[in-house]
Each structure stands twice: as C-alpha cells, then as structure tokens.
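Just below sit the structures, each encoded as structure tokens.
Next, two complexes with chain A in common: one pairs it with chain B, the other with chain C.
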Partner chain A sequence: MEEVKARNVALNRLRGRATAWFSKPANIILLAFLVALVVLTLYPLLSLLTETFTVHAGREARAARQSAGEFTLYHFERLFATRENDYSRIQFYEPFVNTLTVSLAASLIAILFGGTVAFLVTRTNLKYIKFVSAVFTFPYIMPSWTLALFWETFFKNVNIGLKTSNGIMAAVFGVYMPEWFVYGAFPIALVLGLHYAPYAFILIGTMLRNMDASLEEAATILRTGRFRIIRRITLPVVWPAIMSTFLLVFASSMSAYSVPVFLGSPVRYYMLSTKMKSLIDSYPGQAYIIAGVMILMGMVILLLNQRVTGSRRQYTTVLGKSHQIRRIDLGRANAPLAILLVIVLSLVAVAPLVTFALESVIVKAGDYSLSNMTLDFWVGTDLTRRLDQGDSTGILLNPKVWNALGYSLALALLSAFIAGSCGILVGYGVAKRRGGALANTVNALSFFPYLMPSLAFGAIYLAMSSKVPWLRGFPLLVLVGSVKYLPFASRSGLNAMLQLSGEIEEAAVITGVPWWKRMLRVIFPIQKAGFLSGYLVPMVSCMRELSLFVLLVPTSNAILTTMLMQYSEKGWAQFGNAINLLIIIVVLLVNFIVNRLTGASIDKGVGG
Partner chain B sequence: MRRILSLVLSLTMLLCAVPALADVAADVEAGQAMTHDELVEKALAETGTFVVYGNTSRIETAAEAFGALYDIPYEPNNLKDQEIYEKLRYVTGGDAADMVMIQDGAQLTDAIDEGLVVNFVPGSVADALDESDQQPALVHQYINKLFIYNNLGDSVPAIRNVWELTAPEMKGRVIFKSPENEKVNMNFLVMCTKDEWADRLSEAYREWKGEEIDLGSYQNAGYKWVAEFLDNVTFGKSDTSIAEEVSQETAAGTIGLFVLSKLRSSSVLTDNLTVAAYDAVANGYAVEPFAGFMYPMYTMVNTNATRPYTAMLFIEYLMTEEGFKPWGKNIGAYSPNPAFAVNDGDLTIDVWKDALVVEDADYILESFDVEDFVLQHCQN
Partner chain C sequence: MPEIFLKNVSKHFGKVVAVDKLNLQILNNAFLTLLGPSGCGKTTILRMIAGLETPTEGQITIGNKVVFDSDQGINLPPNKRDVGFLFQNYALWPHMTVYQNIAFGLENLKWEKNEIRDKVKELLSMLRIEAFENRYPSELSGGQQQRVAIARTLAPGPKVLFMDEPLSNLDSKLRMEMRAELKRLHRDTDSTIVYVTHDQQEAMTLSTMVCVIDKGRLQQYAPPLPMYKNPANVFVADFLGNPAMNFIDGRLTEAGELTFGGLRARFEPFNAVTLGARDVIVGIRPEYIRIGAEGPLEATVYSTLPSGMETTVKMNVNDISLTSVVFGDVDFPVDRKVRFSFNKATVLFDRESGRALARGALTIVS
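Our next item is the complex of A and B:
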C-alpha cells in the first residue's frame, strides 16, 4: 500500500515535472528540432563517416584490391601516409596548409572590412551611407567566382598566369601587376574575404545598431577615450557577432571551390576543396575524409564560438527602453573616407556588374568596339548565325530561361522561408534555455550543415534520397536548401534573441499573452531586422548556389545556376554572363520588394 | 543511436519501396535481335519522358530532332562525367537517365562491371564498325585534342616534335586543362608511359636531339616526357577558354592542347591559330611522335532506364548519318563508321588514329602509380 502510494507520488511528481517542462514552448521547440536535426544533419554526417571506411566500386576497389562494400583503412593510409610520388603531401598536407592560410586570412579580411564599414555606417555620420549600405551586399549576391573572374580579367597580363592577354589594368593603364597579386593565396583570400564581408557587415552591424547606447554614453561622460570605449565596450558587445562571422566565413572559405580553381590553378595553388572535387569521382573514400577534415576544422571553431555565446548573459542589448545612438562625428575625415569607400565598393561591387553586362553583348572575346557588340544574346530571335546550334533566341525570349528562373525563385523563397522560420525558433529555444545540454546540442546540430562542404552535402543527400523514392526533384532541393542554410538563419535568430532582454517577453507572459502571439507581436517586430536577415541570406545563397544542387537537380536546365554552367561549358560566355546578371537583378529586386513591404532588407539590418 | 536510425530508415525504405525495376539488361538483349520497326513499336509503347545524360552539349540538338521524329517527350541533360556517374549510381525512377553519352573509357569499364550501364549495338551498324568500336562499349564518335598554336610574332611554336615542348624556352608557354579536372587528359598522359608510346617518344627524342635519350631516374621516355612537359605547362580553366586565350593577339609564342572543335566557337580568333597536325599534312611532315590525342565518346543504356527501348532506338538513331549530324557538321568529331564523310579540310579517322595517342582503357585501369606520378608533376 505504502509502496503504491509512494510510486503514485513519484509518478505524479514526474508527471508534474513533465507538464511543467512541456508547458514551456522553448522546450518543445528544442525537442522537435533535436529529432529533426538528428535525422537531417547527424545522419548525413554519420553516412559520411561510414563512407571513409568503405571500399567503393570502380577504380577505388581496384586500387585497394578489395571488394566494393568491404571495411577498409586504405583511404586513410593512402591520403595521410603515402610517401611514394609525394602523394600525401600533394593530395592532403599542402592543400590543408593552404586551406588554413586562405580561410584564416579571408575571415580576418571579412571581419576587418565588413566590421569597420558596419561601424562607420551605424555609429558615425559617414556620408553616402545609403549607397555604401546598399552596395555592400552586392559581392555576396553575386556567385563568388564572378568576383574571382573579375579579378583575373582586371589584373591579368602577359607576364603572368597563362601569359596570353592583358586585362584592363595592363591594357588601359599600362600597369602590370605581379603574379602573387593576381594568382595564388593573396587574391583567393581577398576575393573570399570581400565576398563574405557582408556577413560581418550584417551580423556585426545588427548588433551595433541595436546595442544600448547608454553604455557608451556613460563611458563618454566619464571621459573615457574613444578607442578605449571601442575596445572595452563596443568590441565586447559585438564579440559574439565577430565570432559568428569568423565561423561562417572560415567554413565558407574552406569549402569554396570555384575561386581557388580560377585564381589558384594557373599557379598550381590547391586547396582541400579542389582536391576533394577531383577525388570524389574515382576515390570517394579519400574525398569524404577530406570533407571530414573540413568539418572537424569547422567544429573546432564552432566550439570556440559556443564558449563565447553559450555561457554569458551580458550581451543583452535591447532592454525594452528606448535608446538613441549617438553617431560619432568624423569631422574632416568624413569626405575622404566616404569617397574612398565608394571607390572601393564601386570596384568590387559595381565594376563586375558592368563587366558582365559588357561581356554579354560582345561577340568576339576581348574586342570591346561597338561593331563587335550586339543585344542578340539578350533579345535576338535568330542566333543561328552566331552559334552553330542550340538556343536560337536571346535569354529573355527563351522559355527555358524563364522556367529556370521560376524554379530557382520558388526554390530560394521556399527554402528561405523554411530555414528562416526554423532559424527564429531555434534561436528562441536556444536563447531561452541557454547553457542547457539540450539547447547546446540543438545549437550545435543546427550549425553542422554549414560545416559540410556543399558538394559532399549534395552527394550524401543524393545517396540518401535513393533510399526514399518519393524524395526527389523539387521537395529534395527544398529540403537540402533549407537544411544547408539553416545555420545562417539560426545564427541571426540566436544573435537577435541574445540581444533581447527576458523582461520584454515576461511582461507579455504576465498579462497572459499566448506564446505564438508573443512571438508575432512582441519578439519578431522588435528584432525584425535581425530575423529578416535570417530569411534573406538563405534566399540569396540559394539563388546563386551551384555545387549544392548540381547533383540533385532533376534536369540540368532546372535552375539558373546549372543553366549558367551549361552555357559556360558550351563556351557561350555571353549567355552565361547575361544569366549571371539576371540572377543579381532578380535578387536585388526581391530585396527591393521586401524592403518596400516590410522596411527591411539585407543591408537594412545595418542601417542606411 | 545509429542502429535506431538505420532501423527507421530501413523501415521507411520498405514502406516506400517501388516495384522492382524491369530487367533492362534482358530488354537490351532482346532489343539487340529486333528490327528497326520492332524497336519503334516497343519504344512508342513506353511511357514517361525520355531522359538523356551526356557530356556533350550537342546531345540537346540530337534529342530534339529524335523527339520530333518519333513524337516522344524528351529531356536532354548536359552534365560532366563525374555528375553522370554519380547520378547513374543513385537516381532511379522517372528522373533517371534512359541513355548516356559518356567519355573516359577507363571509368566506363568500371561502370559496366558495376552494372550501372549496359551496351547496345544496333543491328544496323554491327557490320560497319570495327569490333573494338562495338565492345565493350559502342563508340559513337572520336574527339581529338590537338596541339594548336598562336601563329603571330617571331617566336611561333610551330612544333614538329613534342620534345620541343619540354625546352626551357617553352616554360609557361604551353596551356592545357589540368588532368585532375578532366580524366581524358589524365588518360592521355598515362598512355604516354605505355611501352608502345614510350618507345616512339624515345625515337622522337633521338631525332630531336640527335642523341640517345638519357632517362636518369625515369622508368621510360614516356615518364620523362610527361614530367618535363608538365613542368612547362600552365593549366587553363576549360578548353573553350584555352582556345580563346591562345588565339589572342597578345598570346604570340603560346601553344595549347585542346579540342579541335573549339575552333567553331565565335569567341575564338581562329585566324590567329594554326593546328600543328594540319600544318604537318599541308607541308608533308609529321609531328613526332604524336600531334595530340583522341578519345572515344560512348553511348550506353542505363540499367535503371524506364524507357530502355526508346534508349535503344535513340542509340540506333545516333549511329545514323542524320543522328551524327549535330557533331559531324563541324570539324573535331569523327564517327567510327568509315562510310561517313569528314568535313572539308579535316582529316579522316584513320589518319587521326595514326597521328594521335588513343586511350587504352585496360592499360589505364592498371596504371594507378602512373596517375600518382602525373599528379606529382601537376603540383610541383
């Protein structure tokens, strides 16, 4: 009797605890995401790990002298410990060092450039803020290789690289840049740094814009020097954003493929991503080991990142009271600084667009005379006289292009909607239960997809989809897009939530406002800018993504980027450039519409 | 955790399992004995979109003409080799290719062994083609990559012997797509180390230098040439961009090794280029011991095909003069069928077979160490 009673008491207590636990939306959210993320990110990760110990059919089985499907350590021995022909050095160690160097440098460049500009835009009275803020995100909107291509076309000359032609710098200004400047580690890091600087701009900018100015004001009243304020107050407040940026840029740079191919190959500079791509075909085991190493490198930074964001509360910057940021007066430095920024941004953001436009209207490469120009590749109706076969109309009259545009847009919007919404929820759950094991696990799992190189991620999902017959085509692409870009959204969701003081929601809790209403009416509106960047960044990334989708698209003309690649492969550069321009215009247009409808935009997170 | 996951996935697989795929290999065997009309009848009875993968852009034109001829809905996909093999492995159902056009004989041999693709030889061409062009895989065409140089300026690299490309003054003036990025390029370099070509390279060296070759630590003359050739090479992005770059006014003194058919591109300044092999024929000499290399493009039926008879009908169509036209109308693509005339000014397949290195899948498949050797010299 006593026993039963005791058991009942224990059961009731347990039930009570469970009810209390489940009554908190943050717990339910975290649990749901834990289950989903285990299937969608941990399983692919485990599959990847399994692949590194498995013999694959074809050349690999032949070389390993084992049968396909058998357990093996061959891939590890071969990649890490083969001295003959310097195999390990060539295939792994050298590219590994190069990858570390480039990714670190790119991260620093992105943080310094993006962070400084974000500071100037949000905290000073810099001129032309609108232009700077709007144009700064352009390099991110463009596929990264376009900036690489632009760099090469601009600076190449007959003394370096292929030694066959002069770019604008040599041809027009007679300036012949040295090889290290045009090819190799320096330009790869710089291009990647510039490409990903918008991460820093958005993440750091959002923090700076939303931080409580009273901290700095108090310091100013106490006559603290400006640099001391930046070092002791501003920097610590934006530290989580800096770390997030570092993590994002490092992982992205590490798995970037096209940029190292364009700017590295002519001087035989290889990174892990290029080695992975060349190995995945014949020796997938070794390619997956490389992917695993890249994930490991990312995880180390992720752990560092978690240390920063996981345990501290002092980053709350939105306290529910009104605040006015006082902008620093740049004085005489304003105009020169603003002009310098405008010039730099015009070079990295506007000049490539002009180049694409130009390249899409010229017939013979390198000849920019009017007689060599035509709008045929845009609106021509009979291209057979220019191309021996294939598409006979300009891209704007080609139904294939419009279909691909529709497909790409639908894919990008839907993936962004799913990723963005999930990101807010993950951010909410993690922020509310910060420090707890469940929150930390979900936080880490939601970031895993980012650490997986796109190509490997696509390949693993392709293999997984072959076991689930209904998972193919559009739903598969949306799933992959949503999962792969969830990290962006969960990062911005978390950053935004971390800034939000608990008091704000508590006030609504006390008055009995249901959870969904608190989210929609209180939390979302306050941190709209931060949350919306969680939607827009996945949208932009999806629109210009190639390697993630290339194996998964149902047909090679399904989306704009695979179509672009088709045209480049065929040597119809004009079509390729035109489509590239089209992608950028469409993304800008979406940004503009979102801006008009909601007042937010990719750059709006920051100010302007 | 993993066990639970595997269990969940296996259950999902079971629940979602589709009816077993028809045995395409048996269909192909049956198709082999059919007449054209029987094939047409069978193909028209199949449903769904006819899906084609090919690493040649012209497959779109061919599929369009074929689709119109038989009123069959089609979906051509121009993909790279690696993507094709990956998709063959994993894509099933309606999205899966019915038929593929693919290069790299070595990898194809593995794909056949793996059961990814099956060979179909239409009865209409069985007598017209050499046995080696029918088995183990049907060759639809040969493609050649040739030494093509810029003909401007005083230092025109009008080579007559491939050893000239290893001279110090050619450093950085030879442009080639990295063998790491395109397997047929790797295959060519590996082939150079085969005894037959190594001997010819040794002979060519003697002619060039007037003395016997000193191999040093190299196994044979092929290894030596590959190493010294690669030391002078700069890697270009794609054959198209190499053709464009070598043809520039400012590119005097450079030479490329790229597909001849790129000369058709409107962005290439063809007047500035000379094809070494053409110049040799016109002036009565030969580029020693080869003027480039040549590799086959194969047609195969996917074992996951949902329209296998349409795939066979398409292959039959591709082997006709009409079906070959999208490729054959320009220089640089050669049918193995000697009855098909070559373009004006181009050379016949027999001449090319003598003048170029042709890949031998069996040798390549056994030469892993040579690939490592090539990679080593691609990076150093």
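Our next item is the complex of A and C:
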C-alpha cells in the first residue's frame, strides 16, 4: 500500500515537473532549436569528417587506387605528407601559413584602424565626427571583393600578374607598382583589414561609449598620465571588445574567398580557401580536410576568446550614473588628422564606385580617353556583333540580369526573414534560461555556422542535398543562407533580449497574455531596432554573398553575385564591373531604406 | 592646510544654469556635506572642485593654490590638485585585483615596491579587507567594493577627500555601518572631506558643516544641528528632518496674534524682532507636537506608523493635517480622537518669500 502510494507521489511529481518544464515557451524553443541545429550544423560537420575518410569517384579514386565510397587515409597522407614535387608544401603548408599570416595581419590592421578611429570618435574632439562614423561602416556594407577589385583594377599593369592590361595608375599616371604591392599577402591583408575594420569600429566604439567615465576619472585623480590611463585602464577595459573583433576578423579573413581570388590567384598566391576551391572538383577528400582545418582554427580562436572574456575579471562597464566624458583636446593635430581620415575614408568608400563606373564604360581596357567610352555595356544592343565581345545586350536590357536580381532579392529577403526570426527565438530562449546547460549548448551551436568557411559550408550542403531529393536549387540556397547567417541574427536577438528586464514579460504573463502575443505585442515592439538589425545583417550579407552560394547555384538561374563571377571568368570586364556596381547600389539602397523605415542599422547587428 | 574657497563659481550646460554664482568657504578639517535633491547641482559643484568638470566662471582655491580662475585662465587638471575622489559606483577597475587597484595610485607616484606593499597592507587591514587582496572587484559584495574604493582613495594620502554619494548603492544596514566608519575615518586621517548626498540623515549625522543647495543656489550653510533648529527658509526646513516639518498657512496680526488652521494662538519670538502683520507659514517639527491624555487640542488619528522606537502619527485637526512623532513603542487606534499640545519652538516663515522670520513659542488661545 505504502509503496504504491510512494510511487504514485513520485510519478505525480515527475509529471508535474515535466508539465512545468514544457509550459515555459523558452524550454520548448530551446529544445526545438537544439534538434534543428544538431541536424543543420553538427550533422554537416560530421558528414564533412566522414568525407575526409571516404574515396570519391573520378580522379580521386584513380589516384588512391581504391573504389569510390571506401574508407581511406589516402587524403590525409597525400595532403599532409607528400614530399614528391613538394606536393604537401604547395597544396597545404604554404596556403596554411599564408592564411595565418594574412588573417593575423588583417586582424591587426582592422583593430588598429577601426579601434583608433573608434577612440578618436568617442574620446576626442575630432572634427567631422558625424561624417567619419557614417562613412566608416561603408566598406562592410559593400561586397568584400569591391576593394580587392578596385585595388587590382587601379594598380595592375602589364609587368605583373596576368600581364594583360594597365590599370588607371599605370595608364593615367604612368606609375608601375611592384608586384608585392598589387598582388599577394600585402594587398590581401590590407583589403581584408579595411573591409573588416567596421567590426572593430562598432564593437570597440560601443564598448568605449558605454564605458563608465568614472573608471578613467578615478585614475586621473590618482595622478595618472593620459597615456598611462589609455594603456592601463581604457585598453584593458575594452580588451574583450578587441578580442571579439579579433575573433570575428580572423575567422572572416581566414575563410574569405573572393579577395584572395582577385589579389592572390593571379600570382599563384594561395590561401586555404582558394586552395580548397581548386581542389574540390578533382580531389574533394583533400578539400574537405582543408575545410576541417579551417573550422578547427576557428574553434581554437573561439576558445581563446572565451578564456579571455569569461575569466574572473568580469567586465561590467556600465556601472551607474555616468557623466559626460571629458574629450581629449587634439589641439593643432585635430584638423590635419580629421582631413586625413576623411580623405582615406572617401578613397575606401567612394573610389571603388567611381572606378567600377569608369571600367564599365570603356571599350578597350587601359584606354581612359573619352572617345573610348560608351554606355553600351549598360544599355546597348547587338553588342556581340558590334563590339565583338560579351553578351549581346547591356546589363540593364538583359533579362538574365533582371532574373538574377530578382533571385538575389528573394533569396536575401527569405533568408533574412528565416534567420532573423530564428535569431529572435534563440535569443529569447537563451536569455530566459541563461546559464543553463541547454541554453549554453544552443547558444554555442547557433554560433557554429560562423566558424564554417562559407565555401566549405556550401560544399557540405551540396553533398548533403544529394540525399534529399526536394532540397535543390532555390530552397537549398535559402536554407544555407538562413543557417549561415543565424549567428548574426541570434547575437543581436540575444543582445536585445538581455537588455530587456524579465519583469516586462512577467507583467504580461501575470495578466494572462499568451506567449505569441507577448512576443508580438510586448517584446518585439520594445526592442524593435535591435531585432530588426538581426534581419538586416543577414539580408545585406546574403545580397552580396558569393562564396557561400557559388557551388550551389545552378547556372540556369544565377544570382547577381554568381553572374558577376561568370562574367569575370569569361573576361568580360565591363559587364562584370557594371554588375558589381549594380550589386553595390542595390545593397546600399536596401540598407538605406531599411534604416530609414525602421531605425535598424548594421552596426547594431554586429554583435559577434 | 587646505581650506577651500569658491568665489562666484557658476556652471552652465548650454542654457541650463546648473550652479549659480556660488560662494563657499570650506574650513580645514571640515566634514562638509553638499545636500540637496537630485539635479540640484551638488555633484557638479564637487566635480568642479575636484577638476573633473570645468566651471563656466569663477575662482576655486585649494590650500594656497588657485586651481581654477576663469579670469586668469588657470585650470589645474585633477591630478595636480592633490585630492582624493570616492565615486558613487566605486569605479573599481574590473581588470585589476584589489591589491592592484589600491597600489595603482602609488605606482603613479613612483613609490618603491616594498613601500607600496606596506601601505597597501596597512590600508587592507585598516578597512578589514585583507582576505580579498587577490580578488577581482566582480567577486566582491557591494560593501567590500566600497571598502576597496575607500582604500584606493586613501592610498596616496590626500588631504582633501571628495565623496559623491558613496553610500547610496549600499543596503540600509551596511549604510549605517559605513557612516560610522566614514566619521571615524575623518578623525583618523585628519583630512578635509567634501561629501555629496541627497540623504538629509546622512548629512545630519556625518558632517561638521552642511551646505543645502537647491536649483544651483546655496540655500543655507551652517553646522547641522543649528541648521535643524534655525532653518533659513521653507526649503531647508522641509529638506531637513524626517518626518518632515509641518507647514500650515496662517496670518499674523500686528499685535502678534496668529490664526492658522482654524486655531488662534499667540506667537512670542525668542529674539526681539518686529514682525508686523503679514501672511505666514507656520512651521512645527513633528517632535514638538505632543500627543497625550491631556492637551488643549483635539485631533482625529488618520494613520500611524509605529517603528518600535518611535511612532509617526498623522492626524487631522479641522481642515489641516499634522504629523507628530511619539517616542516609545506606542500605537493609537485609527479614527479615534486624541488630545495634543504644541511644544515650545515654532518657526514662522514669510509666505511670499519663504524666508524664516523668527523662532518662538506658540500658545493656543482657542
């Protein structure tokens, strides 16, 4: 009797606990995302791993002397330990070292440049602060190859690289730059550093702005010199932001594909990303190993980052009432510094556009005279016969271009909608159950896609899709885009949720408002700007994404970026430049409209 | 030693006048409290003396040194003023241990390593935080952080200490404890302390001098108890004391007869002053309204707040409501009649200007 009773009590308790657990929407959300993310990120990762031990059909099978589908260690042996013809050195070790060097240099450039400007904007009385902070995020909004392409078209000449034609620098000014300046590690690191400097500007700048002024004032009172304050107080306090920037820029640079294609490949300077692309068709096993190495590198940085920021020195920078910070008076250095910055930023932000516009209207490469210019590549007809090159119509009259634009927009909108909404849900779940094992796991998993190099990510999904018949073409692109950009969305979702005190929702719970209504009517409206940024970043990123989609897009219905790639590969430079300009204008326009309509902005979404 | 002078100091934020032509003399060894409601400009005054804020105009002297003078263009930076500053939020550096936080200021002064060690150890034991030497601020409770902040401020041995609401983030028990410590600290360190607070009790209990500020203007500058007794105006009278003083509109005749709240009374000033006929505000401290079995007047109890040591009674007489404090653990049933009398000291204020006219005895006629 007693025993039965006791068992009943125990059962009831268990049932009660389960009901309580499932009655909290946060738990259900987390559970659902745990399952989804395991399928969408862990499973691909595992399949990537198994691919590295599997023989693939074709050249690989012949080289390994095994039949397709068999288990093999051949890829590892071949890639890591082949002395013959310096194979391993050329295929892996050199690109590996190059990747490390370039990513490290790019991170340093981004942190130094973006961090310095962030400091100038938040802590000094620099002139033109409004202009500087507005233009600074430009390079991030534009596709990453923009600067690379600009660099090449501007500085290339007939003595170096592919030795095809002179760029503006050589043709107009007669200055022939040396090869190291135009191609290879230096320009790649510089371009990536400039492209990702907005990360540093936004992350470090936000931290500086939120940093309590009294931390610095306390040091001033204790007779600390200005530079010592910066070195001993300011820098250490913003250190987590610097580390986050480092993680983001390093991971992004490492997997950057288009920049090293434009600035490295012409002189056979390879990074892991470009090497992977060149191997993936003939030796996919080795390509997957390279992808694995890149993911591993990303994880190492993530761990390092967590060790630094998750330590005992908890960084709460916002302490209480804060006063206006005393801005450092730059004195006589102010005007020259401000003007220099304005010039550099204009060059980085505006010069590429001008160059692309110019390059899209000249008929014969390297000749920048007015007589050599035409709008045919934009609006001309019957070009194949008249100019003997490229498509028959200018891009604005080409239905294929409009098709691609439509696809690009649809892809960006759909992916952004899915990623953004999921990001809010993940942010909600993680914030509500903060610190719990489930929340931590989901949070980590949702960041995982960021560490996967886009190209590898695309490759894995391509492999996966062969097993799922309906997952082809456009739906596949949307899925990949959504998962890949979930990290951004979930970061901004989480940040927005963390700023919201729990009581706000509880007040609605008490009065019996159902969960979906709390989300739509209470939580979302309050943190609208933050949440919308979670939609904006994936949208803008998708719009200008190339490496993620390049393996997945069927040639029949291209998106704008792959179309640009096709034109570049065919050597139709004018069409390529025109499309490039078109992409940039569309991206800027989308960004501008969303920002105007909703107040959401890129900088709120880069929470890394 | 450091006396502090403020001469015609003003601070404007755009069109807002935060501090208006303030004159203040802070004597050596004083524990001066700047008291006022939030937004009255008291923190701005403190920060201007410390050099964290630049006055719009005026002159500030610390010791024999002019640290700011708008006319002569003198503006010494805070690090040259030889002062200590305790921040409301403590402003402990999150990336440094307790030891490093305290030692930092001494390193700036280029002290020898072992000298620094000795000094830090001394402060750690003085403030009873030896056990936390190697902890980071985030691993300390609010009270412990407060002690570390005090140790850090004291380390270089500044002769002038500025404190900006340093106790407002602590719970009430801890706050009481730290008040006693701060008062002891003032004695032991032999320093001049300028202290900002909006808590009148803190000002009353801690300071040797209180300076009440409202809307950027000095209202009264006096030692706490005399100020409590002789408030200069309605604002000061209202701000000091808890529960607050009773204010009742009244009319004084040439003959010294006072009518207020349906009562008629005689007012005899303690000092010989001629008041004349005018509209007045009668100010009576709650502890001067005595409730008892007997008394010339009757009131209805509206509400009571017994705290054990004393009971605050709100009661209605005619159209006016009065607050009284009864000492001891007594309580009164609500809506019952009680008898009461006014006890000696009453302050009369001019109704138009709010200025205090006289202190005197009140005798009820009918």
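In the analysis below, the second predicted complex is superposed on the first by the 422 of 608 C-alpha atoms of A that agree within 3 Å, B and C clash if a C-alpha of one lies under 4 Å from a C-alpha of the other, contacts with A are read in each partner's own complex, and residues count from 1 in each chain.
Heads up, the rule we're going with is that a contact is a pair of C-beta atoms (placed from the backbone, for glycine too) under 8 Å apart; a residue touches a chain by one contact, two chains touch by 3 or more.
Given the structure is predicted, the values throughout are model-derived calculations rather than measurements.
After overlaying the two complexes on the shared chain, residue contacts for A:Trp239 are found with chain C alone; chain B is out of touch. Once the two complexes are overlaid on the shared chain, A:Pro469 sits against chain B while remaining clear of chain C. By the touch criterion defined above, A:Arg228 reaches chain C but does not reach chain B.
A simple residue count on chain A separates chain B from chain C, and the partner touching more is B.
Looking at the shared chain after the overlay, A:Ile280 reaches chain B, while chain C stays out of its contact range.
Of the two partner chains, neither chain B nor chain C is touched by A:Ser421. Shared-chain residue A:Ala219: touches chain C; no touch with chain B.
Residue overlap on chain A between the chain B contacts of one complex and the chain C contacts of the other is empty. Contact residues on chain C toward chain A in their complex (touch as defined above): 47, 50, 52-53, 77-80, 83-85, 87-91, 93-96, 104-105, 108-109, 135-136, 138-139, 152-153, 155-156, 169. Residue ranges on chain B touching chain A, taken from their complex, read 1-2, 5, 8-9, 12-13, 16-18, 51, 57-58, 60-61, 75, 77-83, 85-87, 89-93, 95, 106-107, 110-111, 113-114, 150, 172-173, 175, 178, 180-181, 183, 234-238, 240, 243-246, 248, 250-251, 254, 262, 264-269, 326, 329-330, 365, 368-369, 372-373, 375-376, 378-380. Taken in their complex, chain A has these residues touching chain B: 38-39, 42-43, 46, 57-59, 62-63, 68, 84-87, 90-91, 94, 158, 161-166, 261-262, 265-266, 268, 270, 274, 278, 280-282, 363-366, 386-390, 459, 462-463, 465-470, 472-473, 550-551, 554-557, 566, 568-571, 573. For chain A in complex with chain C, the touching residues are 212, 214-215, 217-225, 228, 232-233, 236-237, 239, 312-317, 319-321, 323, 326.
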